[in-house]
Amino acid sequence: MSEQYPALLVVVPLLSALVICVAGWVNKRLCFPIAVAALGVAAYSCIGLLLRVLDEGVIVYKLGGWDPPMGIAYYVDHLNGLVLSVVSVVALLNLIASKKSIDQEFPDKIGPFYTLYVLMVTGLLGIVVTGDAFNLYVLLEIAALTGYGLLAMGEDRAPLAALNYLYMGTIGACFYLLGVGYLYIVTGSLNMVDIAKILPSLYQSKAVLGAFIILMVGVWLKMAFFPLHAWLPNAYTYAPSAASSLIAPLVTKVMIYVMIRFILTVFTPEFAFNILAVSDSIVWLAVIAIVMGAILALAERNLKKMLTYIVIAEVGYMVGGAWLGNRAGMTGAILHIVNDALMTLCVFLVAGNIVYKLKGYAFDDLKGLYRKMPFTMTAFTVGVLSMIGVPPTCGFFSKWYLILGAIRAEHWFFMGALLFSSLVNAVLFFRIIEIAFFEPFTDHHAHGHDHQPEPIDEAPLSMVVPLWIVAAALVIVGIYTSDIVTKIIQFAIPEGIL
Amino acid sequence: MIWQLDLAILTLVVIAGIGAITVKDLLGAAILFGAYSFMMCLLWSIMGAVDVSFTEASVGAGASTVFFVAAVFRTTRRTKD
Amino acid sequence: MKIIGLIIAVLTGALLIYGTVDFPGWADPASPASTHLSPHFIEKTMEETSVPNIVTAVLADYRSYDTMFETTVIFSGGVVCFILLRIFRRKEPEDRLYRHVLTGATIRVKEGGKIPPDSDDFERIDTLWTPHDLIIKTVCRLLIPFIQLFGLYVIAHGHHSPGGGFQGGVILGASIMLLAISQDLRTAVQRMREKVDALLSPTGVFIYAGTGALCLLLGLNFMDYSALASVLYVDPVTARSHGILIVEIGVGVAVMATIIWIYNNLSSAGKYDEGL
Amino acid sequence: MQMLVAKYNYWIYITLMMIGLYAMIAKNNLVKKIVGMSIFQTAIILFYVSIGAKRGATIPIIEHGHGEGHGAGTHMVHAVDYINPLPHVLMLTAIVVAVATLGVALALAIRVYNRYNTLEEDEILAQIREK
Amino acid sequence: METITSIKPLLAVLASLLVVPILVTSTRVPNVREAWTFVAATVKFLIVLSMVPTVLKGTEIVYTVAEVIPGLAIKFRVDTFGMLFALVSSSLWIVTSAYSIGYMRGLKEHSQTRYFCYFAICLSATVGVAFSANLLTLYLFYEMLSLATYPLVVHHQDPEARKSGRKYLLYILGTSIAFVLPAMLISYNLAGTLEFAKQGFLAGTASKPLIVVLLILLVFGFAKVAIMPFHSWLPAAMVAPTPVSALLHAVAVVKVGAFSILRMITGVFGTNLLLDLHLGTLVCYAAAFTVIVASLIALTQDELKRRLAFSTIGQLSYIILGIALLSPKGMIGGMTHIAMHAFGKITLFFCAGAIAVATGKKYISQMVGIGKRMPVTMIAFFIGSLSVIGLPPCGGFISKWYLVLGTLEADQMLMLFVLLGSSLLNAAYFLPIVYKAFFCTPEESMFENKVQEAPPWCVVPLVLTALLSIVLFFYPQPFLELARMAVEGLLGG
């Protein structure tokens, strides 16, 4: 069966989503196990696929048995394999962790919610695995549509925020589609590898340039790259916690993947870095993105919204890293896809747990949380350390490569921006930790010393255990950075990039 | 393909498009959008894309417009721009 | 905002027009798009799938994976509309309005009051101003079966003429929408219950994806319909043709149900009352 | 001039896209934005469809293909005779995506209207700010 | 140089880390909890001690934990210099634990479990820094220490403590992220390695301006050493409970800073490189400035702990100064000063804490006549002062002697005067306290008769450290020997 892994990882969740939708009308309790099983199979296939790629190199899977470029084909290489595994594992963990909050927030719409959840994961996995530019668009739209639905299910401003996201997301997807159209008109092909073969003779073509720009702008819109980020904070803040902790870690990261895929495979680094000579300005944009994200985050007094601005800053990390145009920077960007997915998941799961117990996430609600929810907050601390970039958590190591890339490219401002954002993260999170650790929980003030400890009121085990797994993963991935880099990422980057 | 017809319809499409976004009544905008879609569908059949124009006729001019009308009825016709 | 919008639109337009400079001429038969992949599709389709309508063949076979997700997109659109709008526990108003169909008189029924059950003479309305036009109702009633028949034809004849599952599905859906507009939503929902929509919609997609998965189970790649040959007892090329038909039916079912589902939710804002 | 003749189609499509894009960004009314979105998407579809256009070719349904199926007796098919079918296929998908997006967008607009009782963005923002 | 592979360094680090879960679970039974603290402290000390003979033989103990970045591992290497530092900190942990018990119980502090847990983590980090084989590992433990001290600094949880905590983190974390991290990466990019080498791994890889930039980044980046202008966190952090101030701000934290800078100068840049480029002087001036200014500020402080804090700032710069002289004697002096100052200063802090426990007084002006009520404490205080001033018969004399020799050897007369002048200043801010404590008329005394010595848990440790300070004058061999070997290894080997 292992040769069918590429198909399974998309088809199983898709079919299960349909079954869940039916099951939602029959027996609501069936939905969750089916969803877990489906994502479990997907995660199994993804990891199996990654292991196969490590053994055998690039795997081509022809859908419908048609040879590319006639039919649609998957190209699974090291880059895909890695991102696929991350996406599927993150989605699975979040699903398990979110069950209680889903039950709590949508008692009568459980079926459709799980349907959308699994469909969204299908879409994201499909985006990552596909080797066809147009197919990517369709899957993009699946992920986006389900995302709008999931995000809009939140509290009162959520529909408006989701509608704004929809406008921006649609513009982004349309730009992407236009870019693909421009490429199609000059190459006549939709298959990424095939396009890449035809393109070198067309590098001077204005159409290719136009295609490139419009495509990148589209992808940036979707990943909320500054200054195209305006839709993101509200959309993620007011979303239900199960949705925000799925979407925040994955969607931006998958879009970064798309960008890297287009740089590396379709347009080739030669075109993107050498012929165009725009990398420097894009890194500058990334610098602004990081700095602005950090500053905007500083101004927030609301945990979840603050996290969303950090997501924006992190997007800047990865875009900048990818566009530094050297091996270290690209390694950093790819590594950061993995790490950032995990750490964003970690902090958003914490936010979810807090919302589940406290129904609020303004800073004032967080007082005394360390006593009240010690396990959640311990995991939060690990996530925070990773976000700041303290070794041996994984956040440090991707930052390591990004900074190294900046040094090798002699782009000091990017390095400065990375350090600045680390510092701001430290300020941001220690502000929270201070409130949560040292301020008493209820309004009964700590008179003198030796007051009675608050009773522990931890989130249920099914939410804490996945959270702890993620927190542990942050450290483990950090320690195994060397393996990830030498065995996977090194092969994901073409030889041409030094 | 007759380019005069093509050009004429293209002009109408642009007019319908501009009309749809400028008219100060959402129901009117919905109907103009229907007209726009239908014009579009004509254009495509001129280009020989019969399947696409068939789809646009049923979806763009049909279902989409109905959706618009439904939504306008459920909300309001009022618009400031 | 208007200025910014204008600037962005003009900039985008300028970029796009700049890109067109290096385009091949419009409708140029020698353009890459017409010479790279499409000749294969045009010349080989009959041989490989025995479907004369190339669009159908490419849609449901060469690029069937795309189309599967296209169906999934509309399905997810339906689910999203449902999850966003549908209101289950709505407080019923105390007074309910009914119209006596034959006379057109409106009756207000106080809380606890009932109209004779099993009576076709009364219909539930929600506002005093609810239009009622016999001509439209009757004509539409007459028209709907033919529309549906045409829809079925479009699905079934997709191999040979323009059309296929998607267009047919929309037409079928439109027939029910017509019913809902000409009568009211309650009548249409009585014909096709919400649950039926909600079940048919995933079922249609399931037919599609399930066919693909069946190929996978039969030992070939996903969506490789030639694997169906052993099940259908035909040669692989005909099996492809049949496979296309099966998935087109799936598309039709899914699209029909979903379009109706979306319409129902939109037109009643999730309350499933009289609709428009 | 020659370029104008060869390319004017594209330019009109781009004009349409600009109309849609402008409406999406600049309009204040949420449903107007959705109209703009649909116009934008349709214009892109138009662009794609026109890629497939081919002078001197007919619709992509093979003549003499009816009835006898594949195999013996089929006429030789020449690519120049038929319009490029690939963009059509893609655009069928795109239309479906467009209608699904439209449905979702309208559903969201209805939700927003139910909450704020208006569709004007500035009025909604004013309401939010008031709180 | 011979090397052997052994897991002992890792065990030494883990000993105090692994005890944390046990401490957490035994919150309800303070006696068990504190017994475990002692067990861990002893075990750690014994492990460190067990490595001493090997190290004294000139063998290095190496252990690689994990290769985290290709070619760059989390790795321990126990050399003589690291051993010196580990020995100081792990031995003082035992004493401080005892003192903590007395102090925390005496003042009925809250959240004692948290206190002991983070204390244990701090010690792990300190020993980790001591045994680091490369800059990455050092950075890791350095950051760990910064974060683990934060809860200790903010122990009181009142607004003042939180403000100080913020300041502490801003300085420590801020400088390490903004200065050390980029410097580390730039060095890595230049040299391709971060492994500490005898003559530095940067030698011959970079131009002079770049070296200067890196030197500045690394010297000021390790802000724990409180070189001006990055010193003001240290007085602020005095809000912490006294044992914390004692161990962390007189011993572990600040000494980790000093240790790190010594490592940078010797292991990253190498003395030869700095000598060639005449960069030692640069650091010298920074340190000398800090020495003088800090001593002057200390004179003006009325709060005892703050005066001690500024004294610490000055003394730390002695260490830096000693190393930056780049002469063998000076380096020996600097390294030995880590140990000598640690014993002296911890005594002083213990005394300050004991006074606080017994009387609640924090200001020097309120301590007139205290010597009559708490004679043991104040005699210990006197001994500690002598050691810090650098007078016989205390350990501090030994290190200062070598420092002075170092200035002569390096022909830095200016530095000689700085040292001597600052010793005078030291005397000026310590001895009056002692004088007023003992010699005053009964009318002047500010204390009632009922004031007693602090509880034995407090007094015994401070007597112990005071005695050790004296013992180290007569028997400075372990530390002196280790320092001499380290310097020989660096310069001669």
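Just so it is clear, A, B, C, D and E label the chains in written order, and each chain counts residues from 1 on its own.
In this text, contacts are C-beta pairs under 8 Å (C-beta built on N, C-alpha and C of every residue); 3 or more make two chains touch, one makes a residue touch a chain.
Note that the coordinates shown come from a computational prediction; the quantities given were computed from them, not determined experimentally.
Graph distance from chain D to chain E, where chains that touch are one step apart, equals 2. Common neighbours of chain C and chain E under the contact definition above: A.
Chain centre most remote from that of chain E: B (centre = mean of CA atoms). For chain pairs B-C and A-E, the one joined by more C-beta pairs in contact is A-E. In terms of their C-alpha centroids, the spacing between chain C and chain D amounts to 17 Å. Centroid to centroid, with C-alpha atoms defining each point, chain B and chain E lie 78 Å apart. If each chain is reduced to the centroid of its CA atoms, chain B and chain D end up 11 Å from each other. Chain A and chain C have centres, each the mean of its CA atoms, that are 32 Å apart. Within chain D, the positions touching two or more other chains are listed as 9, 15, 17, 19, 21-22, 24, 27-28, 50-55, 57, 59-61, 86-88, 90, 92-93, 96-97, 99-101, 103-104, 106, 108-111. Annotation for chain B: residues 1, 47, 50-51, 55, 59, 63, 67, 70-71, 74 touch two or more other chains. Residue positions 12, 16, 20-21, 23, 27, 31, 33-35, 37-38, 41, 53, 55, 59, 63, 66, 69-70, 73, 76-77, 80, 84, 162, 166, 262, 266, 269 of chain C each touch two or more of the other chains.
Chains that are in contact with each other form these pairs: A-C, A-D, A-E, B-C, B-D, C-D.
Those residues of chain D whose C-beta lies close enough to touch chain A in the complex are 17, 21, 24, 30, 33, 37, 40-41, 44, 47-48, 51, 86-87, 90, 93-94, 97, 100-101, 104-105, 108-109, 111-112, 115-116, 124, 128. The residues of chain B lying in touch with chain C in their complex are 1, 47, 50-51, 54-55, 58-59, 62-63, 66-67, 69-71, 73-74. Of all the residues in chain A, the ones that touch chain C in their complex are 4, 7, 11, 14-15, 17-19, 21-22, 25, 61-66, 69-72, 108-109, 112-113, 115-116, 119, 122-123, 126, 132, 134-135, 138-139, 141-142, 145-146, 148-149, 152-153, 159, 178, 182, 184-190, 198, 205-211, 213-214. Residues 3, 6-11, 14-15, 17-19, 21-22, 24-28, 50-57, 59-63, 65-66, 69-71, 74, 77-82, 84-90, 92-93, 96-97, 99-101, 103-104, 106-108, 110-111, 114 of chain D are the ones touching chain C in the complex. Interface residues of chain A facing chain E in the complex, by the touch rule stated above, are 385, 388-392, 397, 400, 403-404, 407-408, 415, 419, 422-423, 426-427, 430, 434, 437-439, 446, 449-451, 478-482, 485-486.
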